[in-house]
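Chain lettering (A, B, C, D and E) follows the sequence in which the chains are written, and residue indices restart at 1 in each chain.
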């Protein structure tokens, strides 16, 4: 028997690939991982899911497809299987289960890995004595890792000098800019929606967040950041030309990869600081495992899910460098010993905010990305752009029945 | 001639016989999708709730015609197509002419200019993003060494449009060269000899002999390139995602999002149908001008 | 108006083993205003020479001079010659009118003048009703006339005509012949005319240039070449039927000499005796033109030839007899009046004027001077 | 081997106002084994007729029969005819050898036989050294020979030859003429041969078909057509120079009649008097062939003509004089011996055999029967 | 020749300038392929560690050989099938006006619609026809998409000039089919080969259908290379190496077609 899974080319996929022989040996089930570009996954999945005979036994679901897949009924509920096999879902970080586990009380997915966003910053610059004195002279406070959003912004301004930039942004539409700006929104204390699913991100906080964003991008970042995807942005950072970069947590590992980074050992990640040291501004993000309705062999797929999310394998993945979603892995001594940043990542995750997930999340990301991009390129004011996006959001929410 | 002779009937039969394999192939593979898309364009058909119970009539068309973003995309696409096809045609024709008459080095030139065509658009986009990286790219660095300020290739709306045009030209210009060169190499030599003796300068030979005799090939080349340019989407997808703002939001990418991000197939099909009508109109005009030469 | 000079001009197609030496170092001086005829067997290099003069083929070796100026490297467009191509080379996408107007337009000739020149030439060529057709809608002869017309509307320094009348009927051809001669008289433009037609060759040109295998064999006034062919090739080439060439031998006969061949014995006239004496006892080739054979004794020194009729070709105005000399002898052609009692296999006696005979050296094939 | 029959066959190119009526309902019966010559001015429809027979042009009206069977709708490939195209239509991508082998290969002729047939034909045509060249590497005459060769290697039911010798030199042409005649004798295959060459027309064919403006004017044996042209067109078309046609008038002269024209008065011989009597006092056209004009009285009824020499064309074997009749009279051509004291502007007296004169009705242009 | 030499100089200047603007970015790709990502982005450019490790990585760690094999299979097969069909269609239209222009418009209309709206129904067709669409489905799709475009290109190459040659062939006893295949096709070869080459390239680069209709074993180069752009960044150095590897075999094969593509046939012998 063969289990076919469509996956993205990310480190976590590679780790599973490495562990697969164990599974195949234990169960006699072959596993084919079909690896494609992230951008193409959705395009590739949709026809498979629409058709009543797809070829994928299991799939991985990005958090912002969840609403859509749920609404369209493309995923099989897993509760019966979980109950039958006594699979423990309580070990998952709760925010993970919210995001890529349960929808409206039914479990459709098992969280696979998280990519919550954080603030990558340069430890060497913070520790530099000259910087410390200059910073003290300028602001009268000590130069240390920022605890609040405003302190961070101050540092961004400070480090923009001598051909270096305080920050590098990923201004490409739609998802890079939308995801990145979400951190600004949360850091400024704003929220996307209220309880009644009305858009609130065009609030004064939202507008201020966008203005911060535009200032950072245009004044403290490199030319052309408005068109950067994370790759370009990270390259600027990893070439040592920027002090900070708000991005996905898996880039933390890339900082220490000598084949692509000039700042090995000089970068660290933290949660995006909020208005106060207690609040975090990070955006959460994650992938979940699911079994599609069109799965040709759901039982075998479940076998695989059980195996891949078992405590042993989850730990092995983490030890290879994988990104954890389970608290037991985060707290595992061996893992922490090998990757000291694990603790920081856990905190980051715990302090992160979720993006509104509903049927039209992808569409909303498009809209938001477009409007943010228009604002950044100066064709709309921050307020106009956010108002336009909010109006479209409300329409989508109404269409989805979330809003009266 | 009043009556149809057997031979004409035979000709006709033979024509259809030759056409049959192609038609069968097309009918088997693309007929259903086209009809399906046509029908779907009249329904509120979303992939989330697939089904034909919500008839929309011309609603999807009206919506598209009323959609500012869509119209903007159409306008941007028009500019893009004119710029890309125009520049590629002129450059491609010049190169094809030069290459056609060159005595030495043909193969080398040809191999070089064929390379871009053989590179996947996705890779082309990624490579150019790297090369045009505003701070880490070689181009801006080279410009810097001669004292030119770094160019914001993809980050500024106007520039981004032209950057995309430039990259597409780099990638596709050889398409024109290949076709036009094939056309040129099939031209008979005699009229050129006659024209040279008649005292025509190289430009006059080009204008009075090459252009008219090449017209069918030129028309087809322009037509095909135009259709492909309208369908451009990979490069946009990789390089700008339609940004910054909506500066490079070409229509194909727009329709792509409508279909696979919004999953609103009804509307996407309506937009595609509108596009089809426009292109078909253009094609008809070009085809007629081609026939004028043939007759 | 131009003089054209070829100094050891060669043209080699291709390279290496498969190279074709189409023109082999020919020397030729064509004076300004001359009407030069190129004549020679198929494939001898006539078109190639013409195309080199026009600038369409590169000159492989040698120098080509027009009006004393070396033009090997001058573009055809700047040579200002008009050419009628053997294969017509009409512009397929242009109407007959446009085909003819093209060269004039390029020279900036004003529209009305173009029109009137085309009208005139089209009238002469009888293609007036065809002016708006495309070449593909014309018959072979009509195309050829258009090709001719395209050259004639211009006023070039020289006309190069490559068999421009080959596809025309006899009547039209004779009209065209006259027109070309008239044109040449009127304009005085240098003309080079390639033809296979005996009449054209003899009547149109001021000189004939006879080529063979890429080389020039003889150049001269038509009548001179006809009367005094340089070698057996020219003798056998010019005119139809060509000069009869009979392997023979010079023998002493009494007082004088006689040319002896199977079935034939022609006494050498006194006038030639000195010239031919050194050849006594040697093989020669005897040349007699078909029109120098008569039924009745004629001319100053008639020599009788006995023969039998092999074939009779009644051409209308006259009859060509192919006759066989005596036992196993050569075949001769004789041009005789249309009416006569010609019957195949009949024995007849013909007379040749021995003053009009030619002798050639069989080794060099060259004429034995006298 | 095939008989070919055309029953009111027409060909109309195009439609409506610009339609060209290239062939206008011609009737013609070509017997099996005949050698038919098509003759006519450029654009008269010869090629079109040939192409219809070959099946390349649709027959617009009428019936085309081969061996009694209506073939209007039969595919060219099934007619099994071989054609030499006026424009050669050689396959540019094939070598000469392949060009010639193509038709045989299609018929499944075995390889060695193809080879030997090609070798034979190539030998005859003198293109053996060219067998491996591409058509673009050949001279005009060589291409034409290849085109001829391509037809000759086959053994079709009929050969259709469209001016197959027009680009060959006189010598080669006469060789080819003989070869074609031989071939026809040997195979007995029906042949249709379009030519503009007087000699070919007169010597090769069993019959000549003279066309004009899409219609057939006269069909008959070559000598018959020559001796007895149906109308002024045929009279003026066949032969170069053509028959002299002089506007004249028949008048009673004493006992008999005389044909009177400015500067000329020819008594009507007794034999014709009855036939011409009805025309007394009416305009006629007098026809005299150039070769029927002599310097000395000749023939049964010599009539003297006084004229002055206008031009002298010395062709070699003979001389063509253009003379002018008396004061403001017509111009005549006369074919006279090569040697003579011809000088432009000299007054001479020529004699015509009035038994050989023809009279034509100027209205219908048809010959007045006698 | 003096004029000719100047002419040639200008010509080669233009060609060289053009080729350079095409080739320089490719040289940059070559450079990237020989180093690592860090060095590739270093400015001012430094030589760094030069080596073939990226090529090794592409060949060993990625499914490059399979992608490449699949691409070759699909592109070659699709071109081999669609080229003759398209040539026949184009010829019928050019010579016999079969179906007239409405047919050609209809044929081309499939090209005028963004493939994105066609790919889903096509996927549905294929899933009903075969359990798992794969490389065969991709090939068939490519045949159908490239056919109209190739047919259109070729119409203009089957022009009137070949008609008289076909007539000669018909009289030589060739059927319509033989006249077409043995005379017209060879004479129109430059155009046919050009259309074939472009069809091959189109299929080689085609992404959407290959993505949607393919599965893990039938990934083509286009899809495979795209997966080197990961969520965690672009593996630019291996990508550059893979791009060059993919280029090489095609460029090696090409000179064999150059007779038709570049030199042209001298068809001056029609009359």
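Following the convention adopted for this analysis, contacts are C-beta pairs under 8 Å (C-beta built on N, C-alpha and C of every residue); 3 or more make two chains touch, one makes a residue touch a chain.
What you see is a predicted model, and the numbers here were worked out from it, not measured in a lab.
A.B. asks: Which chains, if any, touch chain B and chain D both?
C.D. replies: C, E
A.B. asks: Just tell me the minimum hop count from chain D to chain E, counting one hop per pair of touching chains.
C.D. replies: Counted as steps through touching chains, the separation is 1.
A.B. asks: Can you check which chain pair, A-B or B-E, has more C-beta pairs in contact?
C.D. replies: By the number of C-beta pairs in contact, the winner is B-E.
A.B. asks: Which chain lies the greatest distance away from chain C when centres are computed from Cα atoms alone?
C.D. replies: When every chain centre is compared against chain C, the largest gap points to A.
A.B. asks: Would you kindly tell me how far, in whole Å, the mean C-alpha position of chain E lies from that of chain B?
C.D. replies: 15
A.B. asks: Provide the C-alpha centroid distance between chain A and chain D, rounded to the nearest whole angstrom.
C.D. replies: 94
A.B. asks: Would you mind pulling out the distance in Å between where the CA atoms of chain A average out and where those of chain C do?
C.D. replies: 93
A.B. asks: Using mean C-alpha positions as chain centres, tell me how far chain A is from chain E in Å, no decimals.
C.D. replies: Result: the chain centres lie 39 Å from each other.
A.B. asks: By residue number and range, which residues of chain B touch two or more other chains?
C.D. replies: Counting only residues that touch two or more other chains, chain B contributes 10, 47, 122, 133, 136, 188, 190, 260.
A.B. asks: Hey, what residues on chain A touch two or more of the other chains?
C.D. replies: 37, 39, 43, 46, 50, 231, 235, 239
A.B. asks: Where in chain C do residues touch two or more of the other chains?
C.D. replies: 75, 87-88, 92
A.B. asks: What does chain A use to touch chain B in their complex?
C.D. replies: By the definition above, chain A touches chain B via 37, 39, 42-43, 46, 50, 68, 71-72, 171-174, 222-229, 231-232, 235-236, 239, 241, 359-360, 362-363, 366, 369-370, 373-374, 376-377, 379-380.
A.B. asks: Going by the contact rule at the top, pick out the chain E residues touching chain D in the complex.
C.D. replies: Residues of chain E touching chain D: 164-165, 167-175, 178, 182-183, 186-187, 189, 265-271.
A.B. asks: Which stretch or stretches of chain B touch chain A in the complex?
C.D. replies: Per the stated touch rule, the residues are 47-50, 69, 122, 129, 133-136, 150, 152-157, 160, 237, 239-247, 257, 260-263.
A.B. asks: Report the residues of chain C in contact with chain B in the complex, numbered from low to high.
C.D. replies: 51, 54-56, 75-83, 85, 87-94, 102-103, 106-107, 150, 154
A.B. asks: Which stretch or stretches of chain B touch chain D in the complex?
C.D. replies: 1, 5-8, 10
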